[in-house]
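What follows is a pair of complexes built around chain A, which joins chain B in one and chain C in the other.
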Partner chain A sequence: MNLVTSYCHISGEQIEADGRVVYRPSGDDKPFLDQVYLAAQLEYPKYHKMDLLSKAGFIGSELLKAQHGGLSAYGDDEIGLIFANSESSCDTDGKFEASYLQTHAPSPSLFVYTLPNIVMGEIAIRNKWYGEGIFGIFNRPDTAYYSDSAMTMFAKGMKAVLGGWLDVHNGLDVLLFLMERDRRRAADSTGYPDLEQLFENKFNHI
Partner chain B sequence: MDSLKQNLKEHIIEQLNLEEVQPADIADDAPLFGEGGLGLDSIDALELIVLLEKYYGIKVTNPEEGKSVFYSIDSMADYISQKIN
Partner chain C sequence: MIYIGAENLVSPLGNNLEEHISLLEQNISGIRSFEKAGFHGEDLYLARIPGLAGKLSFRMLLAGALRSLKGDIDETVITSGRTLVLISSTKGELANDLYRPFSDAVRFLADGFGLAHTPWVISNACISGVHAINTAHDLLGAGRYEHAIVIGCDVLSDFVIFGFQSLFAISDMPCRPFDKDRNGVTLGEGCAVVVLSRSAGIFRSTPHRVLGGTSSNDANHISGPSRTGEGLCRTVARTLQRTGVPKEEIGYISAHGTGTVFNDEMEAIAFHRLGLDEVPLNSMKGYFGHTLGAAGVMECVITLQSMRAGLLYRSLGFSCPGTYRSLNILTENHRKPVDTVLKTASGFGGCNASLILKKI
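Coming up: the complex of A and B.
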């Protein structure tokens, strides 16, 4: 059975959800994610305070929710989060270090994002999700990390898991996907990628 | 005093990344924290402390002062005026 029931991939060139390109950058000077925030009319002022990692996770999760359409049917403690990346929070770590060196007045709001798992907190706060969460740091995406952790969460009562691979430091390479305990795609679902194929198609990391 | 308040609002918007807020949206007497005002949080409070030092050279050393100083634009402007003069 295919664990993946919906996915969203964000790169610098486009955002694709379930095989369909939903956004491409405009000629606007704004960063791509900010363009999507406005175009999707997300209206969440806290977005502007987030670091790049959290912005990417926030936008991806919002688009995935819209694509799926049925996540609100789950209880607030029935959705878990399984995220990972290869670079932890180094994008914001560097900006925080620069703010300290340049102004000797390091920004508290940058400091709070110098942990990678904050992105999961932002998504949980936005959605009022109280399920379990885990964030791993790996050199390369590890599909067993996602599938094994999802099974563990399902066994503990969660009914859906939002998985994510979020690298943003050297360009956007973000993949978010949904796995649901009671809703699986058949293994032969025409053309729909499973977990390994998703990472192969999008990253060529495996 | 009015130019100080305008200046303060512009610094707050920039420092706190309040991109959907204009200076005119911030009433001088509205609470900066909690409902009914800007809805700032505890991290924003730290940013306001940094802002006072960065733009006005004022160090808030007494934590007890914070609640009254950062209540509104009016209270912040009063505090800055007292410290500068």
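Coming up: the complex of A and C.
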């Protein structure tokens, strides 16, 4: 039974959502995610303060919502977040370490992003979601982590879960999905990937 | 029914639970002043484990936690294909490899002990420990595993100390949770372990039950607690509802109580909103500081011990009420049989978690 109802894959070359390429980098000097932020007209000033991990999770979740047509049918504590990566918050950890080793001024604005679960806080704040949230760290995407966490969250009253893989330090390697407890894709979407296929297709190193 | 037991811990107070018990009964703290520990060379109060040093101390503590189980449970559980190990931590082995802070330590543990499954690392700031126990409970409840071993561990580093200093969040005295003179956290380090199982028979001593729990985000701020205690209220309300425990049955709350002005105020507001402000409550941070990702597991270990002994420990560092909403904070050790306990935690990223422990 496939509960995945939308997905979005972000790499340095493109963003693909539900099998369709939705963004490619322009020749612009701006980082790819910032280009997407502007192109998608997200207009959320807090975005500019976020670190790379939070930006990736934020952009991915906004695109998933757009792809899905919004998630407003769900209550504010019926959407759970299930994220994971291999590198924790290392992109910002390295910058924070440099702030005290090299610049001799430990930066509080960097330090607050030196936890991987901060991205879930940013998504919760953006959407006013008060649901469950879990962040796991694995060498490789572990589909059992996602499916087991989704199952237990559904059993606890969540009706949808948004989650995925968020490695950003050595190039963007991001795959987000939406799973819904009571909704299935239409019958004409035969071949739409389930969780296993999604990660197999996108991460051939699995 | 999910059982929990075989609890043990390492902190500045001792290398196992036995060594902790008499010190806790005497309300002795493991917090000391350390010379030139701060970024500007200033002395800082910390809860450091004596003799713990080196880049690999994290994995050594994890291994020690697994070894400690050998006398406390059926040993075959550790390597069983029906067992999952969960590690709760914020920074792992950061001192060894900032860019892959868990990878080597997890492999070391899995290979060294012959674990059947790769351990899960749960990294949800300061709720990691409570969250990992809840996750273990849910996986067992769903029948995915028969047993789970939850290890909470974080070690002190310049990284974390300088970070909390940059936020002006470190207390200039041993932390004083909920007290009117509190002015920040005392950072600590430690490692704790509990075993959850669907079978009571694997435990050498009578286990307790874990009824499960939930988490909730404040959806308010990434580094400041909610002024209304929204996320903490929601998780506790959901946990009570899901476990079917009436709030009148809660005999004791093992609170988070970091000692910062805003966190403790937030907790007081939340417990007041929940109608739990009369329940005896303490924070263990005055004994071994705030151990971040390890805190939830360490505090559950002490709670399980409190339930066994019928002894609630004084909330060390508290003398004068200092929150707008008053709470029933333990100013002395209190002998009392406790049947049902609420454990809570809150952390950066606006996360909150809670769980219920109960005697068999």
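The rule is short, and it goes like this: the second predicted complex is superposed on the first by the 200 of 206 C-alpha atoms of A that agree within 3 Å, B and C clash if a C-alpha of one lies under 4 Å from a C-alpha of the other, contacts with A are read in each partner's own complex, and residues count from 1 in each chain.
To be clear about the criterion, contacts are C-beta pairs under 8 Å (C-beta built on N, C-alpha and C of every residue); 3 or more make two chains touch, one makes a residue touch a chain.
Only a predicted model underlies this, so the values are computations on that prediction, with no experimental measurement involved.
Taking chain B and chain C in turn and counting the residues of chain A each one touches, the greater count comes from C. Of the two partner chains placed by superposition, only chain C is touched by A:77; chain B is not.
In the superposition on chain A, A:67 contacts neither chain B nor chain C. By the touch criterion stated above, A:45 is placed in contact with chain B alone, chain C being left untouched. Once chain A of one complex is fitted onto chain A of the other, the partner contacts of A:197 are absent, as it touches neither chain B nor chain C.
After overlaying the two complexes on the shared chain, residue contacts for A:127 are found with chain C alone; chain B is out of touch. Contacts of A:145 after superposition on the shared chain: chain C is touched, whereas chain B is not. Within the superposed three-chain model, A:107 lies in touch with chain B and with chain C [touch as defined at top]. On chain A, the surface touched by chain B in one complex and the surface touched by chain C in the other have residues 107-108, 112 in common. Those residues of chain B that touch chain A in the shared complex are 16-21, 43-44, 46-47, 50, 53-54. Chain A contributes residues 45, 48-49, 103, 105, 107-109, 112 to its touches with chain B in the complex. Considering their complex, residues 39, 90-92, 94, 98-103, 106, 118, 120-125, 131, 135, 138-139, 141-142, 144, 158-159, 162-167, 214-223, 230-231, 234, 238, 242, 347-351 of chain C touch chain A. On the chain A side of its complex with chain C, the touching residues are 76-77, 86-88, 90, 93-94, 96-97, 100, 106-108, 111-118, 120-122, 124-125, 127-139, 142, 145, 148-149, 151-152, 155-157, 169.
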